[in-house]
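Working notes for the structure below.
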């Protein structure tokens, strides 16, 4: 039998001013199971709370209703109060007679009072059906998984490790470093990308709390915050990295040359290779598609003996440590984590989608990132800018902005943020490489928001003579050795025609391939551009709707290096904060299943936004729903769709809501 | 010489009865017939055969408030419901009247059910003899007959000149006091032939078939839809529940059915008649075994044939009776 | 048709493919049919099939979930089987479906068979079972679905509609036969029987009856396979199909969905489209 | 329209947007008719048609469900499910004669105190225009017997 | 408003309503003739739309939007009543009809138009271009005389692909429909960047200088790409490119001569029809020498 106490707050005159407290008291006293009523000037004040505690003891109350301000205001406060009084904090209900009554009906005391009475009635009806709820405590693995070894992933991993927790970083390429490693210099300071990145890469590789899996991918993810189980697939390198010393003989001697992915086709690599000299780990992998011996074996397998190429196996012969391992296969292993940081970054937009620019058709139409490789001292041309077609030094270079940005027609409505800056950087760098170079930059707007950014773009124009033309390019075509660029200068409203040696397309950012599949494995959401979605764009920028999964860097949207690094650190702090607890406390207001009623139609599993409902088989063979309280967020969708009412939501049970509805007519 | 009421006089008489009584008559709704109180006798229809639902609801309502509890600061008042006006049920058939007689045995046996007793005492039954038997009727096999007047207060039987009137009880005589009756010599109509079912020794046979797997096989096609109990003139199972509304508590009694799953479920969740078979056997054992054993061989069935007519899967009590005779025959 | 069914039933029982065949036999009125469970070849000749075999037998499968059962199924019955499979109540491999082509069934009640086919049959788009292991009868032309009856009700005034339904619900005796006959109603404890909260309870006031009938219909939204058993068994002839078909119509219009057509399908309430525009919702 | 008729409205408000929106109306001292009785639910998707129909059975003149705008659901999807449920339930209740004007689904965000007052005001006004429910009269006319 | 057969595959479609338009009845006879003959050979039935009228090209839409929709609306209504998809060969007609049927989906616009033409529009026909139709049965084309060694610059012009959201039968920058066809016919489509560049459209009288400049560039590019001829699908493009080649030579010196033919003529040729049947001998820049040099004429 419930013994309910009702405590009505005057809130000074805030409530008492427009609600007849005496009448509410009278009415409340008559309500079923109410054994005690009292009013206070300020129930939230210390004396107010004290008198609740006393009344609970004096009148053996086991349920409390506080009629005062909105629960969003003081529910927590009063939960503590009743807890101090020795009751379970969830045996409390708040009747919101201020925000939703006295303040909105101050003009009609009569009806405001009637409404107050019924608001109290609702709370009484509900609280009578409240019962003790206890937060469950779930242990957690203080170990983080970082997916993606770009700059923000590296930063996140380092920060977590330095906070004293183990970190596993998974990178699908043979080396960490990501896009930043491909850059020559960085705006606006123009310091060399490698010089600031590679030390971090090395620090990470050598950190005693960091385990690095390169050339590996996340295969599946189970579990929930604090208790993720992740399957990682280590792709076969055909090279034993424990014995390999990275001496380099193999990749110097390998006869098979293929276009280098890292150099975006501007240069070549061998079949056994490291992507670039400062790669981490500095140990090679064998590209099984191009490796001659692998081809040979495939021919043997296919029985086309006659066409088969020579066996090669040069690397194997020359390797001083005998680390070549032709038999090595993919390995899959499972690891436990408490938190996951997704830092999968971006890839550049494929400009061939713009037929009119002739990317892929004309060798001298290249992307900004390709130019980076051409300018990079450790790049294929040793930093000498030669154009792909004939190796000539370009004198006239035309830049086209917003290629794959701000273009509805190409389903890329967003601004990629960095292009304006790197075009300016390129204009400056090209002049520094060769004073005779003249750069023309076709832009829509110059977006240079950021510390020292605007100054930087000005320098490009004023000190380095880059000519900025506002307008889009309509067509690029080859005429002899030149590229004819047709466009419009929208400021003077005239068509312009330029003849260039090299055209650089400022291709925008898009999420890395495979991010959608990953998002689905993680059950986190992505937007129409396939960028991952943060829990709140402003207030929770590195969190997701799934607890324990955080975001960093360009996988969320276009970011430059400083932003990506900052986000890496931010995500790291979130993970570290999570690890600072010894267990995770779950909100007790979760769904629960009455297995005797459950028919196993499993509609609930289909509607649950958090995949929190799985199935369990009973001894009698029936299969019924079962809630994972770690994943359940308490939305109650399942309870609403359950026809047999077998699944219910603690804190908002069918009994409680039903009692509220009917109480209005009792 | 016997008394006759002309067709046109019938409604006049009923209308006169309405002045101080509620008069319940057969009313046609679509292709169904119900017993309902009417404001004027002209609304009634005298149809062939049996009403969809018998008049049992008039004395034992589908759902009614037994009493209301009011709380007025501190003290509690209990207000029992009661029937203000007397009631006349007109046009019921012998089998339904016999059904009420069956009702009386348990309901009026002390301690009597006060709500039923009140209604029964305040109600007079004006019956109509059956001119023809329906295909599913078998009243003559259950101790009744198409012209059986025993359980009526007044019995009418259709004749060319109108209705032959027979006052059976004192209550009946009072009703007829103001009735426009004519004295004339009329031949009492002969009862129609009613198909017979062999019910002799059924009680013993039921005993012997109690453990037979016949029941569970029979129950295979039963969907325990409860219809049989609801249309049956002798089924009196009920359930009671309290309802809060407008500051009052109403204690409500409603029909229930022994065929409903969970009808016999007890605290702790155990259900002694969890399977269809035992529920089905319970129903027929109640009519053909327990009831006669309890109340000196009166069958708990009056052969109205409604359960036969309305069962969606044709579970036919007549078939069952003869099957049981075969299986458990001496 | 009947002979084919008997032959197949005999074969299935002889080969032990199933332990029981659920079909139809002649009822005691000698005119109509009733469900029958045949457990051995001996009983096979009791099986009949004709225009009076209106019952949807699929619900009986729920009494034999884990036993191998053969069942005679008309198109609408077969949709019920798909529904039950979709909702995890039935394993396809436990059921052997003897599908029968349907010309539309007449109104059938004890001792009575109408000349005309039932209204719902005149509107039924399925003439051939949507799922079967063995098909009996020659496929016939399907008819276009129409909702003229529902539209007529929709176009009546609110007061008229209200009056109509209050009268219908007022007549309801809450025997719950509609539920018992419905293949979609398989809850172990129906909301109407639940005590805390007492959603409806045992009281049979018109308002309780309305609650019962509307919620039951809504629980079948996107699930009703319009076999119309509920309406057939109703002893007080409440036009329940008018409720179910209204929802069937809207579910079709809004979500382009028809229940029971496929076993693997996502029911309308299990999913949503972010940018769908639904009537009455801004 | 019945003179001096004050409709009784039951409002199911989602905790994260609409309930906060109602609070916002209070904190900014706006004013709306006091006819609505607010029941707090975690998400509009929690509202089972049973509660709606029950409210009407008990005698509510109108029922309001308010949740986050599509796309803003705290639980990402709840309001989309409610939207589907409502799309079927409203015309269905209208079909059995509970006019569609009596049942509303609205999106009110935590910041939309103004919008909340507008919704409640217009809904209440609409219900006043509609007048009380006619069930009792209609039952009498159809000779429907009550159990209570 | 319904759009008849708005879905469904073209491949299965045997008969079409045919909208020749004014050009194909006059300056572009060769297009009309070659289209009809090739379709016949392909077993495609073209039924000329009864009482078709002006599609509203060039003048209407630049002066009065409502007029520009109302004119084709009338044709669309008629076609809708016939119930067959409406195929146009002339790119201008296609563009007008397609855009109009798009506009008519808007209820307000439709009401407006209905008052203008004084008829109610229940349904309109699906509008397709001949290229789409041919492409839909590409594999089924019975090539009798493969156009081997013939290098063709496929020139689509602007009207078939712009505005993208309303008409585009293919990518606006690098369309492939005609290239696919030409390849199927045994010829080699050259890769070039000017497939959809402006030809100067209706300006030859008002601003000949612009037309010459644009056409010169297109022809030069085609030649540079090594094309023996240019294939077009638009009477306007054709006349601009074909008729100005003398002036271009006069103005720009270089020998810009490249024959310009309709894709239907190449199609017909491959189907075994003769130069004369296809009016291939009627162009100002004579394609016959090139064709005979490849043994095709």
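The chains carry the letters A, B, C, D and E, assigned in the order they are written, with residues numbered from 1 in each.
Convention: a residue touches a chain if its C-beta (ideal position, glycine included) is under 8 Å from a C-beta of that chain, and two chains touch if they have at least 3 such contacts.
On a predicted model such as this, the values are computed, not experimentally measured, just so you know.
Steps from subunit C to subunit D, taking the shortest chain of touch contacts, total 1. Summarising the inter-chain layout, the chain whose CA centre lies farthest from the centre of subunit B is E. Comparing chain pairs A-E and A-D by the number of C-beta pairs in contact, the larger count belongs to A-D.
For subunit C, the chain whose average C-alpha position is most distant is E.
One simple way to say how far apart two chains are is to compare their mean CA positions; for subunit D and subunit E this gives 59 Å.
Between subunit A and subunit C the centroid-to-centroid distance comes to 48 Å (mean Cα coordinates, whole Å). Per-chain CA centroids place subunit C at a distance of 57 Å from subunit E.
The distance from the centre of subunit B to the centre of subunit D, with each centre set as the mean of the Cα atoms, comes to 45 Å.
Of all residues in subunit D, those that touch two or more other chains are 50, 54, 58, 77, 81, 85, 145, 147-148.
Each of the following residues of subunit A touches two or more other chains: 596, 607, 641, 654, 658, 662, 665. Multi-chain contact residues of subunit E (touching two or more other chains) are absent. Applying the touch definition to every pair of chains gives A-B, A-C, A-D, A-E, B-C, B-D, C-D. Of all residues in subunit B, those touching subunit A in their complex are 73, 244-247, 269. The touching residues of subunit B, when paired with subunit D in their complex, are 36, 61-65, 243, 245, 250, 252, 254.
Here subunit D touches subunit B in the complex through residues 58, 143, 145, 147-148, going by the rule given at the top. Across the complex, subunit C meets subunit B through its residues 27-29, 32, 34-37, 55, 59-60, 63, 109-111, 171, 173-177, 180-181, 189, 193, 198, 201-205, 229, 232-233, 235-237.
The part of subunit C that touches subunit D in the complex is made up of residues 153-154, 158-159, 161-167, 170, 191, 199, 203-208, 210-211, 214-215, 217-218, 221, 243, 246-247, 250-251, 254-255, 268-269, 272-274, 276, 278-282.
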